[in-house]
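Presented below are the structures under discussion, each in the form of structure tokens.
Both of the next two complexes hold chain A, though its partner changes from chain B to chain C.
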Partner chain A sequence: MFLEIQRVTKNFGDVSVLKDINLALKKGTILGLVGENGAGKSTLMNILGGIHQPSSGKIIFEDKSFTPTSPSDSLRAGISLVHQELNLFYNLSINENLHITGFPHKKVGGLSILDQKTARIKTERLLSAVGLDIDPTAIVGDLSSAQKQLVEIAKALSTSPRLIIFDEPKTSLTKYEADNLFRLIQELKSQQTTIIYISHNLDDVIQLGDQISVLRDGVLVNTYNREDKIGTSQLINDMIGRELNHFYPIRNTKPEEETIFQTNGIYAKGLLNDITFELKKKEVLGLYGLVGAGRSEMVRALYGLDALDGGSISWKNEEVLHPTPANWVRKKVALLTEDRGEDGLLPDDTMEKNIALASLPTYSKNPGSIVNWRELKKNILKTVQATKIKYHSLTDQSVKLLSGGNQQKVILSKWLLTEPELLIIDEPTRGIDIGAKYDIYDLINKLVENGMSVLMVSSEIEELIGMCDRILVMKQGTISNEFKKQDFNRSAILEAALHTSE
Partner chain B sequence: MKNIHQYITIIMLLVITAAFSLITPQFFSFQNFTNILIQGSSLAIVATGMTFVIITRGIDLSVGSTMFLAGVISGKMVVADTNLWLACLLILLIGILFGYINASLIYRFKVVPFIVTLATFYMGRGLGLFISETRAVNLPDVFLSIGTSRILGIPFPIAILFFVVLIAHLVLTQTAYGTRVYAVGNSVEKARKAGLPIRQVVLSAYIICGFLAALGGFVAIAQLGAISPSFGMNSELMAISAVVLGGTSLYGGQGNVFPGTLVGALTIQTLQNGLVMINANPYVYPIVTGLVIFTIVLMDSLKHRKNTRSLQTFP
Partner chain C sequence: MRKNALFYLCLIYYLVAALLVPGFFSANNSWSLIFNLLPLLIAAIGQMYVILTGGIDLSATAIMATSSVVGGYIMSSDYGLNIPLSPLVLVVGVAAMLAIGMLIGLINGLSVSILGMPAFMVTLATMIFFNGLAVWITGSQNIYNLPEAFNNLFYTSVLWLPIPIWIGAIVLLLGFFILNKTVLGQWIYAVGMNGKTARVSGIHVGATTVFAYVFSGFCVSMAAILYTSRLETASPVMGQNILLDIIGAVIIGGSSLYGGKGKIHMTTLGAVFIILLDNSLNLMGLSYFMIMIIKGAVIVSAVLLNEWKQKSTV
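Right after this comes the complex of A and B.
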């Protein structure tokens, strides 16, 4: 065997993202790897690429035990990665990017300097291999998305690797360029290069893969061979897996007729296109899409964290001319971003301080006057009890010592204290254990029953089906489908978000 | 169009030169231009080192203190009859040591460069004042004779400056190391994923900066013949100004020593020289320098905003 992955497990903190993965690959074959967002595909790739190290298990590469501790180890061993988030230096030229890890040198008067000519010839050869006809000295930042993607592929080829891992390599490519890429992949295969091809495009995976593996929640659920003549529907079933159980608490209210939030033709250059939707009072609206579909970008833009280039937003039938976070807070609209560490928490501060933060204006007459801490503390305690946070001190324990689930509850408490009318919540339960998840769902339901509306962004279809009244599906920066509660169907939603041409 | 910024600074230098030449005829002479180069050499050398650090998206506030402390220690030793060349070597070693300390704290303990070098800025100055007992250190004449000597007919400070700029330019543009400095400045995360030796890049950038700060200090001392307690004060800000004027972005990953930083440093020196020549009120100098820097930095910021925007495209 060329590559053997034996019982590999990877944990991040308490969360295990890969569980007991076993995989074997022959030299000169193509493995297609599929799975939902967060199924562990990228983690597996990053382990082979030396970016992460497995928590346990073993990798045998070319009959030797393989334990890379850094990306350069993997490169040296003959493994190249084509990252979905292009790993290119936008300030450097194509030539420099392609040779950043190993420039050819020549001696000039005893000094070793770059051999620009040799480098350039090699760059031109690599660029023509990926079908890119462009000046090697062009700065990467000035290229189009498709050109960048092709440069990323050329870079992976530059070290003459024996294993190449492609992660969604053709998202920005035109049909012609993609056909070219597939020809290149077949050519590499005929030269005995082994390839792992990760994609949401199931047709591509079926077309290319000699072997197809499906990951679900960090577990390798199935591996098929070409002879199995597998279809996309079987793969989708494997990706989704188990039946939806009665894990989600029931909400006793229905959305009302009154529309409280509405967007019309929201547009942000290169990111969002013509986003139009409305949200009713007491409604939980779900937003699904694959990584890169523009979900988080959309809520960030709506909330004024990123710029919008056009379109209008209205709140309670009144146009919001300046959607800035400060204005939204004043209108009682709260946003919980997906990145707890970056945007949501002050990790070194106490729970009390963290929770009080967004409500300070409510508890003081004006920015200069003294905060009514007595009242505030009383309400913080109430909120904390409602969210069932497990802690030992409100005023003594810094929040970074809490578990992921409890941290999320702290953020939730912070916004609940402001008594929002609309809660926009991005990935409410990412990396959180089952028990805490249930508490959060339960809490959201109670708040909705009390009159709040929710816009919930998630990459877990189950969560959206369990919690939402309606689900919007985003694809390439625009809303591509809408599902009403009676039409909820995991396969249909996933299919709407995937790039399949069926 | 990526170099438009440099043209702006070059044009500004020409405009300033032309303006002073019109106001006062003595300004436009070979002798005066040589003077500007000699007076500006120390700043330009220090700024060259600073360029490396700023390209990696860092900053070094301690260069002025490095200049001072290195000068004081070796000056004291020369006064105490230590070998002159040993003292010169020591100056450079102290510079390297400063750079090493800065880089280690920044890399190992992940403290932001601003804070680390702010601390070494105070410590260096304090230590220097302690050793010199806040009195000026008067140096033997040999120092001055180095400062006024000529190498191949070129005044010593200018020769050193040209040599430093030439080597730095070659390192940044003609070596794999140089390319990596730009890569790390663009994104440490990407550099890590690409398997680049980040530690080596960060460490060397600060060491180069410390070394050149000490060398720049030496060039200045050799012209002055004495080290006053205020020697090197504000040098860090002047150096940063020169780098930024030269088109190197404080956001990292962009810029160069030649022509960039060299032109930036000469612009500052020309302004000072010209203002002296036209007998301007000395209080006006910082105001004018400030205005020039503000204009250039504003352009950098606008350019950066445009760039980040165009980078956000669909995967």
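Right after this comes the complex of A and C.
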């Protein structure tokens, strides 16, 4: 065997993202790897790439035990990754990017200097291999996203690897370039290079893969060979797997007729296109899409965190001309962002300060006057009880020491204290334990029963099916499908998100 | 204990100096300590506001010089404004000094928040610009003959205490009040702690940042008023050597240069420590340059200590 992954497990804190993975790969074959968002595909690849180390288990690569502790270890061993997010230096030329880990040298009078000629010849060879006909001195930042992706692939080839891992390599390629890429992959295979191809595009995976493995919730649920001749529906079933249990609490109210939030033709260059939808009072509206579909980008733009280039937003039948976070907070619209550490918490501050943050103006006449901390503290205490946070002290413990679930509850408490009428919540339960998940679902239901509306963005279909009245599916920056509650069906929703029109 | 370490350090230093340094423990030197402390403390409080937002105000001493010169031109009998009534000239002069400081602060604040320029670069530029301006318009000459009442600020008492002590107390209380009691104060901390979170939470990040720089400009001009009165001279090179003292007081007080962390009473202790150090070393007869070397070393140690504290709490 060329590569053997034996009983590999990976935990991040209390959360285990890979459980007991076993996988074997012959030299010169292609493995297709599929799974839902967060199933553990990228983590598995990052382990091979030396970015993460497994918590237990071992890897045999070319008959030797393989324990990379850094990306350069993996590169040296002959493993290259083509990342989904491009890892290029936009300020440097293609030539410089391709030699970033080791520019060829030559000696001139005892002095070691860069060997531009050798470098250039190699760059030209690599570019023609990926079918990119462009001047090697072009600055990467000036290239189109498809060209950048091809440069990224050329970079992976530059070390003459024996194993190449592609993670969603053709998301921004045109049909022609994609065909070229597939030809290249077949050619590499014929030269005995082994390939792991990760994609949401199941047709591609079936077309390329000599072997196809499905990951779900960190578990390798099935591996098929080309001879099995399986179809996309079988793969989708494997990806979703488990039955929807009765984990989600019941909500006792239905959406009302009144529309409280509406967008019309929202547009942001290169990100969002013609997004139109409405949200009813007491409705929980779900927003599903794969990574890169533009879900978070959309809610951030609506909230005024990123720029909008067109379209209109209305709140309670009035157009919102200046959608800024400060204005939304005043209108009692809250946004819980997807990344807690990035823009959700004041990590070094106490729970009290974190929770008070968005409500301070409500507890004083104007920014220059005294904050009514007595009243504020009383209400913080009430909110904290409602969200069931486990903590030692409100005023003497920085929130970064809390668990992920409790941190999420702190942010939720911050917004509940503002008494929102609309809660936009991006990945409400990412990376948190099951108990906290239930608490959050339960709380959302209670709030909705009391009149709140929710826009819930999630990459977990189950969560949306369990919680929402209606689900919108986003793809390539636009809303492609809408599912009503009676039509909720995991495979249909996933298929709607996966399917490409080309 | 760790919380009060700086207080005890100041206390012990004071006691040791009182015992060992001749002339330290005297009425004369005690007044000198207080009068030296006041302007530094006031400027450091302003600086701390800026540092709390995650910025830095290198233009502090340039503001001081500009403010001093502007006040001098208005109030000195050598120059042309000739406002007849002495109380009025005082009011106009002092108001103009504060206004110019706040204006430069506004320029700093807007450049940082709206244009998104790095605070370090912006205030370095305004520092050079206004240092140059102050020297250029005065032809590098001091301005004398300020009104008697202005020069006597330190010798005029209201309710048994000299006016500068009242000014210091008021700025100190104002700084404390805004930071600890008002929404604005909470915003300043939040902006420095995590600007992105602050923005998502509906905080006016830009306006908060601008306020910090304007407040720093206000404080520094206040300090310029005290220095100008004490020297009985408006000087275009005023405060040129105390920029490090101002920033040092904030840092010795334990504020984080990354923003979001710092307390008024700690900055006060930081200023006290610098003044004790400066004063005692002076009395020991060390040269000006030797004192600079020691102060530099102390401030670097404080930064190191802060870094170490930061890491050990992660």
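Rule of thumb we're sticking to: the second predicted complex is superposed on the first by the 498 of 502 C-alpha atoms of A that agree within 3 Å, B and C clash if a C-alpha of one lies under 4 Å from a C-alpha of the other, contacts with A are read in each partner's own complex, and residues count from 1 in each chain.
Operating definition for what follows: a contact is a pair of C-beta atoms (placed from the backbone, for glycine too) under 8 Å apart; a residue touches a chain by one contact, two chains touch by 3 or more.
No experiment lies behind these values; they were computed from the predicted model shown.
Q: Now for A:Ala178: first (chain B), second (chain C), both, or neither, which partner does it touch?
A: In the superposition, A:Ala178 touches no partner, neither chain B nor chain C.
Q: In the superposed arrangement, which partner chain does A:Ala129 touch: chain B (first), chain C (second), both, or neither?
A: Neither partner.
Q: Can you tell me whether chain B or chain C touches more residues on chain A?
A: More residues of chain A are touched by B.
Q: Applying the touch criterion given at the start, work out whether A:Thr101 contacts chain B, chain C, both or neither, answering first, second, both or neither.
A: Only chain B is touched by A:Thr101; chain C is not.
Q: Counting only touches as set out at the top, which of chain B and chain C does A:Ile370 meet: first, second, both, neither?
A: After superposing on A, A:Ile370 lies in contact with chain C but is clear of chain B.
Q: Per the contact definition in the header, classify A:Ala326: touching chain B only (first), chain C only (second), both, or neither.
A: second
Q: Using the touch definition from the top, say if A:Phe89 reaches chain B (first), chain C (second), both or neither.
A: Only chain B; A:Phe89 stays clear of chain C.
Q: On the A-aligned overlay, A:Ala386 touches which partner chain: chain B = first, chain C = second, or both, or neither?
A: So A:Ala386 meets neither chain B nor chain C here.
Q: Which positions of chain A touch chain C when the two form their complex?
A: The touching residues are 303, 305, 325-330, 335, 337, 342-349, 353, 356-358, 360-361, 363-364, 366-371, 398, 414.
Q: Inside the complex, what are the residues of chain A that reach chain B?
A: 49-51, 70-75, 81, 83-92, 96, 99-103, 105, 113-114, 139, 141, 145, 168, 171-172, 269-271, 292, 294, 307, 476-477
Q: Quick check: in the complex, which residue numbers of chain B touch chain A?
A: Going by the criterion above, the answer is residues 2, 170, 174-176, 179-180, 182-183, 185-187, 190-197, 253-254, 307, 309-315.
Q: Which chain C residues qualify as touching chain A in the complex?
A: Within the complex, chain C contacts chain A at residues 178, 181-184, 186-187, 189-190, 193-194, 196-204, 260-261, 313.
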